[in-house]
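Below you'll find a set of structures to go through.
Next come two complexes, and both contain subunit A; in the first it sits with subunit B, in the second with subunit C.
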Partner chain A sequence: MRNLFVGVIIAFCVLLAYRQSFAEAPSGASIIEKSFNRDDGKDSYSKIEMTLVDKQNNLRSRILEIYSKDFGDLTKTFLEFSKPADIKDTRFLSIEEKNADNTQYLYLPALGRARRIVSSQKNLAFVNTDYTYEDMQRRRPEKDAHKLIAEESLDGHSCFVVESIPRDGASQYSKRISWIDKESYLVLRVDFYDKKVQKTKELRVKNFEIKQGIWTITQVEMENLKDQHKTLMKLLEINYNQGLVDDLFTVYRLEKQ
Partner chain B sequence: MKNILDKFFRYILDHSSAVIILTALVTVLSVAVLPQIKMDNGVDVFFNKKSSNYIDFQAWKEQFGSDQVVMVAFKDADIFTQKNLELISRLTNRFEDLPDVDKVTSLTNVNDVIGQEQDFIVRPFVENVPEDPVALKALRHRALSNPLFLKNVISADGTSTAFIIELIHKKGSEDKYKKELVDNVNKVLIEEFPKGKKYYVSGFTTIEVIYARFMQSDLATFIPLMFLILLAVLILSFRTFYGVLLPLVGTLISLVWTMAFLYLCGFSINNVTTIIPPVMLSITLLESIHFLWELILKSVRLKPKDLDSNQNEIIRDTMHHLFWPCFLTNITTVVGFYSLLISSVPPIQQLGFVAGTGVFFAFIITFTFLPAVIKQFSLLRHLYNPKDQATGANDTELYGFAFLQEAPDKIIMSVARFSIRHKEIILITSLVVGIVSTWATFKIKTETSVIEYFRKDSPVRQATDFIESHLSGVHMINISLRAGTEDYFKDPRELKKIEDIEKFLYTIPVVDKVTSVVDYLKEINKSFHDEDARYYAIPDSRNLVAQYVLLYGADDLSKFMDSRWEWASVRVRLKEHSTAKLQKIIAEINSYLKENVPAGISSRVLGQTVLEVDSNEAVTNGQVLSLAFAMLVIFGMMFIDFRSIPVGFLSIIPNLLPLLVNFGIMGLFAIRLDSATSMISDIGIGIIVDDTIHFFHAFGEEMKKTNNNREESVYRCFASKGRPTVITSLILIMGFGVVGFSRFVPTYYFGILSAVLIFNGLWIELVLNPALLTFFKPKFK
Partner chain C sequence: MKINLFFPLFLFAACFPLRAFALESANIQWDKKGEIRSRIYQDAVDNNAFEDKLVTDSMVLIKNNVWMLDHELLIKADVEGRLETFDNHDPSTDTSLRFKEDFLELTKGAQVFTFGEKIVTWGKLDDVVILDKINPQDYRRFVLYDKQERKRSALMFKYDYNQEDWKVESVFKPFFKPSLVNFFGSDWAVFQNLKQAVADSSVLSQAKKNIVSSIAIEDQDNVTDNDLKNGEAGIRFASKMNDVDYSLYYMNVHNSIPVLKEKTATGNLVKKFLYIPNADNLNALEAASPTGDDFILEKAHPRLNVIGADWETVIGAFGIRGETGVLLGQPFLRDDFSYVKKNLVSVGLGIDHTTSNDTYIDVQLIIDHVMDYERLFEQEENSKRLTGSIRKSFKRGIVNFNLDWSYSLSYQDTMINPRIEYKFNNGVSVSFGGFIFMGDQTTTFGAFTTKDLIYTEIKYLF
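Up next is the complex of A and B:
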């Protein structure tokens, strides 16, 4: 009799907890929305060490500096390589467009000329990394249908797991699954699935912390499972909200020595 | 020795039930492992996996990607029509969606690098198919002026186009996925391609898959056909239920043991080892037939009741009578097979070892299981037809084959008469035939090209020929250049050396297409200079190379350069199949590399083609060595067996001549020496020598009986050994002839030529021996 009573109590609690979790769980879309709109500063300057690891475990290291600034709803990014010597001063400007792909310009110092990079192939690799041009663009939440599929702990951080499926076919991926930290709303891991719905890439955040009051990823790794190639990025320096001038984000500035 | 054998034979008969049970047990266990035997479809089995060319090529594949490619091509008056381009685009998408496809390159999706005012564009060549004829014409012009497209995806005249479907690199995995992919590609083509329009499917993977399919169909043909022949021979020879059943069971058991042995050795069924079943079936059948014939001969004159009481004695007598001759002829056959172990081509070694051991199994079964079964179930009087007993007056008439008596015997005897009468003419003719054959032998060419395994009229061969004649060669070789220093090849001076290698390669007439990283850099450089043709050149500074590479996001480059820019690969497509000619070309390339590549850089010529060439050499060297070994051992045994040097020499002649004639035929009819045909002489010598052993032994015995009357001895020999020799040879000719139904060119020639060899062995034996023995008059001991 006593056992039955305990049983009923437990069953009731489980049911309650279940209902509770349902009631509290936000929708996939709202999580992605919140993550997309989280505070990452009005502008930022960062210095990054990028290491490329090929399947034989050969390492190649590059240093790049990234300037980024919000222009209303949209962001412009200026990127410059400082190491190694043969690509020093190679610059890259990316301007986010409202309803189109980013406009991208590249400046090659050996030619002394800037070119607009036009590519309809989203799966082209961005500067020989495991990121494609598509990966480099901020993906607006409305482009995908999102679904919260689980809540689980990732390296000790409690996360929402959200599945995002492109609404139109204009992506190189068939779906992405993201682990979003409930505290910081940073995306801590993304699994990328190709058109054949096979997992091809995995993005993993190795380290993140609060810098100048803003949650900041300090170490991240992108692995291409097919090519067994990895891109590691380590934040060396970051400055938020320094009031970067608009002129920095122009083609004119790109070509100026 | 005789005592030991006698004890052994008695033991077998006394413990007949134990022998039967033991044999059954081993057979059941053997049957159990048969389903485990793997089919090895790959052409990889022919390669020496320890050679540096093989090992380095594996490392190359790890770096630059799988060599597994399916190629699809088609032809039309003009490829640049809206209809054709839409078809190409649709097929490209369908192919890309297939499982295990890594990448598809076609005329519509091939990367096009465009420099336009302020823009730098990398995009698929045809994104939206234009309707406008002017736009189509512009596309045509642009495609035909891009060296990276030409001969790869479009022919120079714009009438043929190709799809290159690359498979994902699967290390050491089963071949099933390749078969599925080729099937899927064909399915897509059937669905999408307009009815009546022809298309061609080739490429290395396709060739491999069809190769495997042919192999399986070979096996499916050989075994049932062989059984039909076996059955026919047995029914005609014995005409009794047990006379047919016993040899059949004995033969089957040896075959099962042999195939289980193949499994236990860790071998698989490949293009060469498929020959084992039919060849084994015919060789082991002979063993059983011999045994039964002798038994019948010994028992036929006895009354049924005496037969039962004397059963053990008759069986033992037969065993005694046959043991040594069978042992000897078996040993020669085994030596013939084992001599193949000298070859460095793995499947040839495997065939030699397994079939040689199989012959030995047949011997064991004939002298243990068969007598045990006959004793256990008192089968002696069920082996022959009672009618034979009534008519059976003399030995030779009774010797099996009542259906084939008078006429063949007459012919055989007249052959003997002719040979003795015209011995000088026969000897001189033989000498001339021998000399002509020797001369023709030197015209034999070695060829191990895999594509030439297929007949000219087979679809895959036609597809390959189409792609070779309209686009470029299917054979690929890769020049691997490793510097060991990071960014070494970003130096324009080093790139210039790669360009020089390309230029040199184009001076070789059969070279169709050479591609390296240099071609991509030139194309990008031109695009960055507003498509100015003058800038179709290597960028002039290391930094510019580095910056172009940084920018060029397509993964095409990874096929030609590693990520550290220290390991470059130059891909060469050739129109040549002949491994003999390719061997010269590879040597030429190697000597160029030796002279022109700086000392610090390791340069190698690698690829499937190179391995095929290597196996070419292995086949030739192996042939000479293993044949020399087989002849040395077998002829050595003849000297020991006959205990006479003159007789030994004479016994060599009727065996050497058929071998020479066979090589002569290969030389005259341009039949190539390859992994299959190179085995004929080794296996053949072990078999045809048996007739000589039988014949010479009989002749020696008759000489004693006739008081050294040579001519009389020859006639007696012919009377007793003539018909059995003809019959056994016919069985062997059929057994090897079955292999002639193979869909593979080399296997087909193996069957036909082996049958021809045994046929020549037979008539040379019959025609030449009387002449030899009556002309040279050797003394027998």
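Up next is the complex of A and C:
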């Protein structure tokens, strides 16, 4: 009888412990939501050195400046290349839309005006980097079905591993698997899978730190596994919450000298 | 050699980096960039003794943007030096030095005030002019350079008012500046080397030679004078409705490309011979015994009222854009070569698509409709032209292929311009390309069927 009592108590405790741990493990969706909504400032300016590395290890370097600002729960991003000379003054404006594809404009100095980027172009390489136009925009959590598939350490950081599958198929990827740091909620690694569910690209954060009170990625590498080509990005300068003017995120500014 | 008076100031500034450093330390940013470019054109086929077999066109362009950040003031000063050599039977060189764009631009909140020599780009079509009429163009090298490169800056006051969802741009040009067109004496002149060919002819009589050598094409002084009554203005309202970016336009401008206007009725025979230079037309001109003003043709730039709209959107995997313009008072030549003004409606539609293998394709259809039509020279009541380009990059943008083309469905003349470029890592690129022209002698591109060429371009961007 005593053994039975002890057995019931143990079973109850195990059940309780299990329920407790189940309750504590957040869902994939809530992890992605928390990562998406983490504090990244109301606005930001960053200067980035982008280096293209081919499989023979030849390097081509570029400098770009990125301005980003929240408008309610939507974000607008303005990007401008300042080096080298052949792409200097090439500019890109992305306006996030809630229930539609982002509206994107590209300004090429040779054309003298901005041009809309069509949906199919979002699957293509952004100015010959390993990022596509789709990669250049924030992906809203509700566009994917998320599932927590593991919790593991990545380079000494305890991470959630979340699988995200597009709900409507309107993506160049069949799925993404993201490693999200439990402390900062930064995405430290993403594996991208093509429509044949083959891993095609890997994004790896090489360094991150707190800047002006905000967790900030300072070095990241995107590798195209098929082409054995990499794009390295190194943060040269960052400023948060500078009060960027709304006017910066307009087609007018995109076309301005 | 044309030297702008401001050039010494620019040279002083450009050559003293220490001065620039001192300025930058006072919250002034100086952004300098530029390019050195040299093209060598080789005529594909020897057709006559007058055309150039080998031409070099070298250019240095230095662009300066000086921002006075405290005052939101931009000072822009771009200068271009050019050296061309011509290797025909009379070798020559041509040098020029000019400001490309130089203006002051003051931003005060939503308002932007600009004064100076500026280039404005309006409309949504590539390399086609329906609404992009604020700046004249330099056609002295025909279409060897694209529309943006051909544009001439023009003195203007520009006022912009910008809001998040809409903007208004207004332009006032106090004086009229025409497009540059050569009529005689070069491969790309409208009448090419006709006068020279007649003068050197061994079969034509001296009387006929005298007639042709007496033909003169003059400016209409009252239009090209720097007089405020020749001023031009334009206004553009741009906004977005649903997912469509659109603009509405009104312009009161002069037709920047000259159309030849006769001073006497016999002048029409002169024009007929120039446009269709055959023995019959020369005989007819000689039979009319032209004298004095008969030989003089004026470059007419009549005033145009332009009402128009453009739009751009994305539908699925295609970018769709278009322009429509109603041009009131467009000049033409009648079938008998007399000068006449008509109203013209131009509609352009462009479609852009990038294929899954990253090949960019752009096709544009332009339809012109002449209102109150009567028989015109080189112009049907409804004419249609297709233009387009194909671009493909290899090795992540190191090797780039580009094909521009234009084909008239109405007149069957064609221009094809393929080009391949290799970019080195230090700002240097090398290109090889060519131009092929086909069509009837009286058509835009057909007039240059003997001018097919290949070229090499070396460019250094810094």
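For this structure, a couple of remarks:
The rule is short, and it goes like this: the second predicted complex is superposed on the first by the 232 of 257 C-alpha atoms of A that agree within 3 Å, B and C clash if a C-alpha of one lies under 4 Å from a C-alpha of the other, contacts with A are read in each partner's own complex, and residues count from 1 in each chain.
The rule is short, and it goes like this: a contact is a pair of C-beta atoms (placed from the backbone, for glycine too) under 8 Å apart; a residue touches a chain by one contact, two chains touch by 3 or more.
Everything numeric here is computed off the predicted structure, so don't read it as measured data.
Overlay on subunit A: subunit B and subunit C clash in the combined arrangement.
In the superposition on chain A, no contact is made by A:153 with either subunit B or subunit C. Contact with both subunit B and subunit C is seen for A:127 once the two complexes are overlaid on the shared chain. By the document's definition of touching, of the two partners only subunit B reaches A:195; subunit C does not.
Shared-chain residue A:252: touches subunit C; no touch with subunit B.
In the superposition on chain A, A:241 makes contact with neither subunit B nor subunit C. Touch criterion met: A:90 reaches subunit B, while subunit C stays clear of it.
Legend: residue contacts after superposition of the two complexes on their common chain; A:103 is shown touching subunit C, with no touch to subunit B. In the superposition on chain A, contact of A:37 is made with neither subunit B nor subunit C. When the shared chain is aligned, subunit C comes close enough to touch A:112, but subunit B does not.
Of all the stretches 560-568, 578-586, 614-622 or 722-730 given for subunit B, the clashing one with respect to subunit C is 560-568.
Overlap of the subunit B and subunit C interfaces on subunit A: residues 52, 54, 58, 60, 84-86, 110-111, 113, 115-121, 124-125, 127-128, 229.
Partner subunit B is touched in their complex by these residues of subunit A: 52, 54-56, 58, 60, 81, 84-87, 90, 106, 108-111, 113-121, 124-128, 132-133, 195-196, 226-227, 229. For subunit A in complex with subunit C, the residues that touch the partner chain are 52, 54, 58, 60, 84-86, 88, 100, 103, 110-113, 115-121, 123-125, 127-128, 229, 246-247, 250-252, 255, 257. Remark: subunit C residues 33, 35, 65, 74, 76, 105, 110, 119, 121, 124, 126, 146, 148, 160, 162, 164, 167, 238, 243, 245, 312-314, 316-319, 321, 352-354, 356, 358, 393, 396-397, 423, 425, 427, 429, 461-462 touch subunit A in the complex. In the complex of the two chains, the subunit B residues touching subunit A come out as 62-63, 96-97, 99, 102, 111, 115, 118-124, 127, 168, 486-487, 490, 528, 539, 541-551, 553-555, 558, 562-564.
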